[in-house]
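Naming follows writing order (A, B and C), and every chain is counted from residue 1.
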Amino acid sequence: MTQLYAYGIGTGTQNAQGKWLEAWFPQPCLQPDAKLSSLLSQWLALSGQPLSADQVAKLADQLGDHSYHAERQLLENLSQGEGTLVLSILPENVGPTDVPAAYLKLQLLSHRLVRPHQTDLTGIFACLPNVAWTSEGAVDPTELEQRIMNARAQGRTLVVHSLDKFPRLTDYVAPSGVRIADASRVRLGAYLGEGTTVMHEGFINYNAGCEGPNMVEGRISAGVFVGAGSDLGGGSSTMGTLSGGGNIVISVGRECLLGANAGLGIPLGDRCTVEAGLYITAGTKVRLLDDSGQEVGIVKAGSLAGESGLLFRRNSLTGAVECLANRSAIELNHALHAHN
Amino acid sequence: MTQLYAYGIGTGTQNAQGKWLEAWFPQPCLQPDAKLSSLLSQWLALSGQPLSADQVAKLADQLGDHSYHAERQLLENLSQGEGTLVLSILPENVGPTDVPAAYLKLQLLSHRLVRPHQTDLTGIFACLPNVAWTSEGAVDPTELEQRIMNARAQGRTLVVHSLDKFPRLTDYVAPSGVRIADASRVRLGAYLGEGTTVMHEGFINYNAGCEGPNMVEGRISAGVFVGAGSDLGGGSSTMGTLSGGGNIVISVGRECLLGANAGLGIPLGDRCTVEAGLYITAGTKVRLLDDSGQEVGIVKAGSLAGESGLLFRRNSLTGAVECLANRSAIELNHALHAHN
Amino acid sequence: MTQLYAYGIGTGTQNAQGKWLEAWFPQPCLQPDAKLSSLLSQWLALSGQPLSADQVAKLADQLGDHSYHAERQLLENLSQGEGTLVLSILPENVGPTDVPAAYLKLQLLSHRLVRPHQTDLTGIFACLPNVAWTSEGAVDPTELEQRIMNARAQGRTLVVHSLDKFPRLTDYVAPSGVRIADASRVRLGAYLGEGTTVMHEGFINYNAGCEGPNMVEGRISAGVFVGAGSDLGGGSSTMGTLSGGGNIVISVGRECLLGANAGLGIPLGDRCTVEAGLYITAGTKVRLLDDSGQEVGIVKAGSLAGESGLLFRRNSLTGAVECLANRSAIELNHALHAHN
């Protein structure tokens, strides 16, 4: 029995040489049923290739013959547009090897069909071309100056929003129950659970995100996942594995608070707080305090990875970083979420 | 005698079900005179409702009959556009209960007709719908995927700038004597006094702002007001009442300096400095130093709320947070303002 | 012999009164050869003036007569557009005195023809007008409300991206080998060497930049230059000369790491690290440690300006800022650059 991992019917943009710049899959599908898997498997050789009008017509017929009417409708709607039609078929969950496959995987994440780390993104960086994201769509950077020239010649203004391998999530997906105050701060491939608010200073990279509800005013680096009810204060930082975090994958449990301008270099369990302005790394030596405020030992913060119910602060008289049991996290978060 | 609190003649966008998404009032008016108040009071039942062509014509006639020629002209100019005409009439300064009233209040702030906290915004959050702010205007988020589909089909690119309850100030108001380097960082409802520069890392929320002149490279949270001549360094944070500040309303007096990456959880008086990188909260214990550098006591920073002439720093040898009399704030600010 | 410093053939936007708002020079030229310098010198009186069709034709003929075919082609291409043609000729490297000259100098930087501090920008701030950068091009702020009105009347949405003296680099130049995740964060006049990645939280001001390759997730203030292989962590700050840095020009050598949310108020040599969350200013007193961790003295950080191989950290038990020999900087950076 054939069982595909995922597939998408979409439309994409190519550069002047016919190389893909991006691909949009309005209804990406994880684990299509056996009959559809079987049908699509016959198209595997064309996965990631631009489809001709004849191929589109043939695929539409096959979908119709097997009563995949919604899929047929999508294909026909897309074929009336100006983009190039493309089918991406992923038999297995392995790293993407062409541009449409990479875009399909990013859209699986942002459509909440998979969570961060659940889909294999090995090699995606090398796979994705750099693109100028403009008011006139995706443009190859080497063609950008000519496009600016053409636009000026015709009295138009070509606005370049980004020059990057990843587009904005909101130009591809409109997740329900979410606010993103500045769309340029959330990459396609981010996972935003229902009830997520990303304020202007918030940021979410690809293969990262939060469970929802969450208030995100800080930066969620690639690979980082934040549990329900946790809040990242303005300008707070989570250390990416490439930016000093080493091999530790950072995560934040539920009902945690990372204060404004704070930073996190270790995974947190649930109900933890890091005080505003304090940066904790795995190597930070921390004084452990008991309920009466007495020091009971000194440990590296890395040894507290994943523990729940901790409060990290810097003693403002001694300058020492301290860790004690957390009392206030829950009440604070409840107040915040009333305004999500 | 009738005396209205405020009114606006505007044009708005509705979703497919006829619900308001936003409303633009190019010339919002605070406290119209008695005659105009009396005239408009007869339209109160239609406040916040879409106006028909007949109603617009009738209102235009009435305005003309009473010699409100500028108001009539505005109404007629707007009626030639594609938006839906709307009149918002606020008899009293109470929390807004419909979308046009909420937008009118936000525009009173950004037109500098009222300062933060002067207009009652109770309930505005629940009142405002979430909106996709796009290159083709305001779109209901539930209609966004179809709009992206339509745009792609017609060879256009729909760019989504934001998915939020609040739009950018600059798409509604062009305040004089102001620079806003990245317009996505200032919400409608922010108050920017003459001479305000908001750099790329600056941010101003609604019902917040600064008196002007000010250099804003940090974040002014909802409810926070900053006095003339004060500067917020890059990445600096002011604690919102919902983000750990509790019930304390944060404000910054005149000629203060919040250093880069610093943070503030208490109100400051005039001529205060918080050193770069230092986060002061109400609970921070602070060593008070006299002119000779001798410690004269230890207090919580909250007890210094509103005091003038203070310098907060962290002693880089002892790690203790110290507070002493400020000497350098004024000279520094003068240099900065030469470049506003 | 005539030898011009630089010149550009471009097209610009004027406001309703015929004052320049901006000028675009697609192929700015540093030090044109003697023959071209001589030819252009005859046009010096028209430098910075709008050119008439006759003048453009005459200049095209002269360029053609002297075999400057590429230059003639550029002029003719531009003359078919809707912008106003402009020639900017700079006999010497002095501060700009008109808008086209200021824009030409900024484009010399962003085209990598000069490095920061190599071209004289004295007076550029006063020279540049404030401009509303919109989806319909450069607009005089005093004309903005009318333009919003017109756009709404015609069913268009005028999006204002910025209200600033400086536009975005990417609307003028497409530098090779560069990624800029959020184009609104890099001003025209920034210098981005090949291999530079500016992430969403990165920022580069005019007359500032980096040699490349570099990973920029922090803020490069005006005047600051960063050497090859150095990385600025998320939210890190470099102090501008106007923002507390005084007269010290901040720079960062090669293979340095400024940690996330860190800050720098002194110039660094090569292979230096500032720990995440630590802000070093010239006045910060620092404990110097030897290889065995013994304190060998206390100095102000300013006295270490320009030194190589230093690691700055705050001892998390004593709160003291310490400086010791750096060991880990190089390995870390190599990992980061694999992903530029």
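The definition used in the following text is that contacts are C-beta pairs under 8 Å (C-beta built on N, C-alpha and C of every residue); 3 or more make two chains touch, one makes a residue touch a chain.
If you're wondering where the values come from, they're calculated on a predicted model, not measured in any experiment.
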item	value
Overall pattern in which the protein chains touch one another (line/ring/star/complete/other)	complete
Same or different contact residues where chain C meets its copy chain A, judged by the half mark	different
Distance from chain C to chain A - Cα centre to Cα centre, in angstrom	30
Residue list for chain C, restricted to those that touch at least two other chains	135, 161, 184, 235, 261, 277-278, 314-315, 318-320
Touching residues (chain side chain A, partner chain C) in the complex	125, 130, 132, 135, 141-142, 144-145, 148-149, 152-155, 157-166, 184-185, 187, 203, 219, 221, 235, 237, 239, 242-244, 261, 263, 265, 277-279, 281, 284-287, 298, 314-315, 318-321
Interface residues, chain B side, partner chain C - complex	11, 24, 26, 77-78, 80-83, 134-137, 161, 168, 170-174, 176, 178-184, 200-201, 217, 231, 233-235, 257, 259-261, 275-278, 314-320, 332, 335-336, 339
